[in-house]
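Labels run A, B, C, D, E and F following the written order; every chain starts at residue 1.
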Amino acid sequence: MRPNDRKADQVRPIKITRNYTAYAEGSVLVEFGNTKVLCNASVEESVPRWLKGQGKGWVTAEYGMLPRATHTRNRREASSGKQGGRTLEIQRLIARSLRAVVDLEAMPDLMITVDCDVIQADGGTRTASITGASVAMADAFAHLVAKGALKKNPMKSHVAAVSVGILGEDILCDLEYVEDSAADTDMNVVMTEDGRMIEVQGTAEGEPFTHEELMDLLAVARKGIADIVETQKKALESN
Amino acid sequence: MRPNDRKADQVRPIKITRNYTAYAEGSVLVEFGNTKVLCNASVEESVPRWLKGQGKGWVTAEYGMLPRATHTRNRREASSGKQGGRTLEIQRLIARSLRAVVDLEAMPDLMITVDCDVIQADGGTRTASITGASVAMADAFAHLVAKGALKKNPMKSHVAAVSVGILGEDILCDLEYVEDSAADTDMNVVMTEDGRMIEVQGTAEGEPFTHEELMDLLAVARKGIADIVETQKKALESN
Amino acid sequence: MRPNDRKADQVRPIKITRNYTAYAEGSVLVEFGNTKVLCNASVEESVPRWLKGQGKGWVTAEYGMLPRATHTRNRREASSGKQGGRTLEIQRLIARSLRAVVDLEAMPDLMITVDCDVIQADGGTRTASITGASVAMADAFAHLVAKGALKKNPMKSHVAAVSVGILGEDILCDLEYVEDSAADTDMNVVMTEDGRMIEVQGTAEGEPFTHEELMDLLAVARKGIADIVETQKKALESN
Amino acid sequence: MRPNDRKADQVRPIKITRNYTAYAEGSVLVEFGNTKVLCNASVEESVPRWLKGQGKGWVTAEYGMLPRATHTRNRREASSGKQGGRTLEIQRLIARSLRAVVDLEAMPDLMITVDCDVIQADGGTRTASITGASVAMADAFAHLVAKGALKKNPMKSHVAAVSVGILGEDILCDLEYVEDSAADTDMNVVMTEDGRMIEVQGTAEGEPFTHEELMDLLAVARKGIADIVETQKKALESN
Amino acid sequence: MRPNDRKADQVRPIKITRNYTAYAEGSVLVEFGNTKVLCNASVEESVPRWLKGQGKGWVTAEYGMLPRATHTRNRREASSGKQGGRTLEIQRLIARSLRAVVDLEAMPDLMITVDCDVIQADGGTRTASITGASVAMADAFAHLVAKGALKKNPMKSHVAAVSVGILGEDILCDLEYVEDSAADTDMNVVMTEDGRMIEVQGTAEGEPFTHEELMDLLAVARKGIADIVETQKKALESN
Amino acid sequence: MRPNDRKADQVRPIKITRNYTAYAEGSVLVEFGNTKVLCNASVEESVPRWLKGQGKGWVTAEYGMLPRATHTRNRREASSGKQGGRTLEIQRLIARSLRAVVDLEAMPDLMITVDCDVIQADGGTRTASITGASVAMADAFAHLVAKGALKKNPMKSHVAAVSVGILGEDILCDLEYVEDSAADTDMNVVMTEDGRMIEVQGTAEGEPFTHEELMDLLAVARKGIADIVETQKKALESN
């Protein structure tokens, strides 16, 4: 049995708090159980140099973890002088996932940067980040529409993500830390609200996995993401 | 009149939430009005190399600001590859202030690191950090006493801090951002709970200040800190 | 039709040259068409500090690209002062893929580092790197067995990789640069010699992809990897 | 009794040598006893990017210490790859102190950088730096007036600084190294020539200090700075 | 007797392979015995900022060594975060040597960067780099002439280099690694094709050397370089 | 005619001031005309890690230039985050030159670091540095002998250096800045006190140079160094 009597294919309680901080155009605290990530979307009226003059916009993301978001303290990346490989890998994944649901040509000369900062980590920080960032970005676009900078919202879909894994015989959805560190295979799946895939990243930590296992993992992920997209939609409907 | 009808010598509403995150030995969210800082105290059973074998302990601090804690987004220090001068200056100040109230010889071979991360900034982040860090450190020491690693708490006093400033003719206590950026003189005062001074840092941003003005600033700071220490004590009494 | 009259599910001509340089315990030049990567496996009789005293070994990898491996010159990472996010992501992938086929407990206190340096890049450098690194690592282990440092080779399988993608209506295997930059979806698949999966990383660059498309991509990848493993085996049989 | 029979409220012999090096628009070697700092003021006809087009000028400072300025050799900051927190803190203090006495609007599109490099350190390097930098800056402005780039000197006052401290029962002025490292409280005071305050930075190294002690420290500082301003004026009168 | 029965004043077998990679405007693999360096010349239609608007061009070089080019693995400079002193020294030497034979005014607003990357190192990597870079640069200029960007080739001469040294009683030409590490004096000589000198860098590793020894070293270097220039010319004649 | 009526083969007035600062075991201000370099030799009772346990000592050097040592201000290397290629090249040259005259086996487990910091630069800073460093190192060894840490001085010779160059038709000794920047060929020569060579580094800045020109340069260098060694000896004789 999983911690808190969760079923194998069940996501943790997910909570999305909008307007969590005061200044960002979109500010979301997303919680997947004990994993808590603050996602702040910032609008800038300029694009990176390499994109200038093309009539397009850009969406990017940065990821960080507070030093004591974890059981033992990690060294602060600002102090060690560089972002680690894991950090860079995650923020590239978040950024790609967000861009996949945005029509960049419909936001000319605008840039949105979503900062995902992990306040508390209990597994699944990258999938929680993508899930929260999607809502924060939606708020930022709504802000741009409201103030007249955009005629219509360039988001084509919500984007949500979940981790799935193989632990012994079980296919588990939304692994928390103790499960994640014991899993044989770990997979992160990013989908649109209608269930098409944006990213699939499966890694064999122990034994290689078979085609059948991959099918099972995807099925569980699809179900979990459907629940997560529900939560996103409800959060955005509330005022 | 000040924003929110505050009186010149009045601090903003101060809120101290203990056990804000789950893993740190002391975890405090401190709020001075809209300024919100998460202060996590981490215990390590080792000391820096230069202190080894002296039978002493150490207390240090790190400071950071989330990129969108402010009105416009700041570049992430982890990404720019180094902590700025302002950051280093503030974290040195926090660490000195904490050490000033700890008997380092009474915590042999133990180190406490307090991470102060600004979630939202509206002036006074360094004084809020010191105020919250004192409570987080107290909880960490209580944890060490409870588990038997220390016989008694090596803290000799609480430490609290407030900013004061001269704005036109007025001596103001606990400046928020719009006041701070307009002030002629800005002073940060750090005191023990019985009102003795640990740090006094006054800077003339515009006109130099006189001895009389310095006296007025200190009087206002003393009153503000007394209120802040009250709030610290109440927070620690709860539970 | 693809360049060089390749069929959609066909890999480019693959060439594996062993003993390419003189000093490395395993040295392989791997060519996937015009993509050429030098994979040098180095043996060290020590392990990273965090692994000391556990009776295990370690396998890691580094990745680099010569500045003019590409159509236009890229800035040298040694000169810019850090490895980019793409570089770190790739070398983490290579290292994980190699470790997935090695019994680390059967190589106590030994470390193998495989350097994958791209001499010429025409798409698929990460999958070529994994493919070549597997052979270089096999040679390094053979060297250790030959000199008596290991009783038996701790490799459990070869590991090979290929990229697949969706370009318009077509599912293509082993994309070269012009195909890769036009593809809607790009997927890298890493498998053992018996076709079990080690890594699956699919990314929608344009439109999200469906479950059926994912199935098609995996089928094409499986066929391509079977051919690549054949080439690896032949290379290792030759003396 | 203090070293060299100094009285408690007496500054060390202070020597200011102008035109110490040949190229800088202002070049001053300042000596406070054995503390020797070379202060070179450089004029540039451009301002930092963020100040462009505002019709203002800028004054900044940098601080460094030769590796063997101290009893034991310190690592060269250029070699360690960054300036330490103490260095950044000091150069920010010097720069603020200088700007406090300059009318930046009266030096449009001009920038002065004062480099303070410590040749020999025996306590009080930051206060000596400010004192010498003021004279070097005055010479640089005189140079600009002489060549017609400025109609009048934008300096509103000299600026001078001294350290004071509490050592046991005594309030000491201008501490040398052995005194500084034993002091309970250390305070740096920066004043204009008419005795108004620009910076007051007091730190309790041991016991917190009382309001009365702060008053005594300020009185001693005021007297010391009056002597230092005398020396500055004499140096500038000589040709 | 030297390894491979080489005579004291004899260079190793030298091989120059043009068009070694596909994209660079000049791409040369140069081999001095077991020392193998890939020299890629890249053309850019812009010059460094400090040279803009002067109607001149620029030639520069970068140098690197693959981590396992040597008997034991060296740390990757991209990973350690900076190029070492030896690397910077060598690439400055290569760049100066190339510029010495180019009329920079005859290549307005064009820049050539030659990347010299050592695939395998057995002594003399800097002299092999200069020798190969000269041919790669010649090809790049020929490319510019062929496409009409330049009317005539701005190279005034080939440039070639060799190391010479004193080992015991012997004056040796083109030292390989085992000789180089045992030599008392090591000298690198860079010459034009007509035997005039561009760089002479002699270093006493053990005993200082006399004027007579210097004369002997130069004579041997001159003879070796004549042979090397022959090889360069033959390589460039072949198509 | 040269500035100050110097003859072509004449060195500038050379002045060597010992005990220039108070703490270094050897502290020398060396002046070659307007070029002024402070050379501080520091003794440490430990050697670099790679040399431990071999019963040998080590001599090394670091070089720096104050930002305003030159006609226009250079960026501070500590602030830009790394030492430039020129700096590293020079400090490697100084260190090799010093080691060439020391019996490292006669100074077991001792290290001397000579910091050469340029206070004012007018050409020839590297040769002045070597010349001054030799005297500072001699004083440091004398200090070690005096306090009994060494039985005898491990220096085998003084070491001195000079720059020579070709300017038009003239062979000039000890070039100052205006000469150096106009010279066709620039050569730095480092010799022992008996005139044997330690380093010869000749560079054609404009036209390549002939064998005859090299002979002339060496003859002029030899004469200049003889004068410089005289000055070194006189400085060391004085008390």
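As a working rule, a contact is a pair of C-beta atoms (placed from the backbone, for glycine too) under 8 Å apart; a residue touches a chain by one contact, two chains touch by 3 or more.
Protein identities per chain, from UniProt: A, B, C, D, E, F = Ribonuclease PH.
Source: prediction; values computed, not measured.
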Chain hops separating chain D from chain B, counting only touching neighbours
1
Set of chains whose contacts include both chain F and chain A:
none
State the chain with the largest centre-to-centre distance from chain A, centres being mean CA positions.
F
Same or different, please, for the chain D to chain F contact, judged on whether over half of the interface numbers appear on both copies.
same
Far-end chain from chain D, centres as C-alpha averages
C
Geometric centre distance via CA averages, chain C-chain A, whole Å
28
Where chain B and chain F are represented by their mean Cα positions, the distance between them in whole Å:
51
Where does chain C touch two or more other chains at once, residue-wise?
81-82
Each chain touches its two neighbours in the ring; listed from chain E on toward chain F, they are E, F, D, B, A, C
Which residues of chain A touch chain B in the complex?
21-24, 27, 34, 36, 38, 40, 42, 44, 62, 64, 66-73, 76-79, 81-83, 87, 113, 115, 117, 119-120
Chain F residues touching chain E - in the complex, by the definition given at the top
82, 84-86, 88-89, 91-92, 96, 100, 187, 191-192, 196-204, 207-211, 214, 218
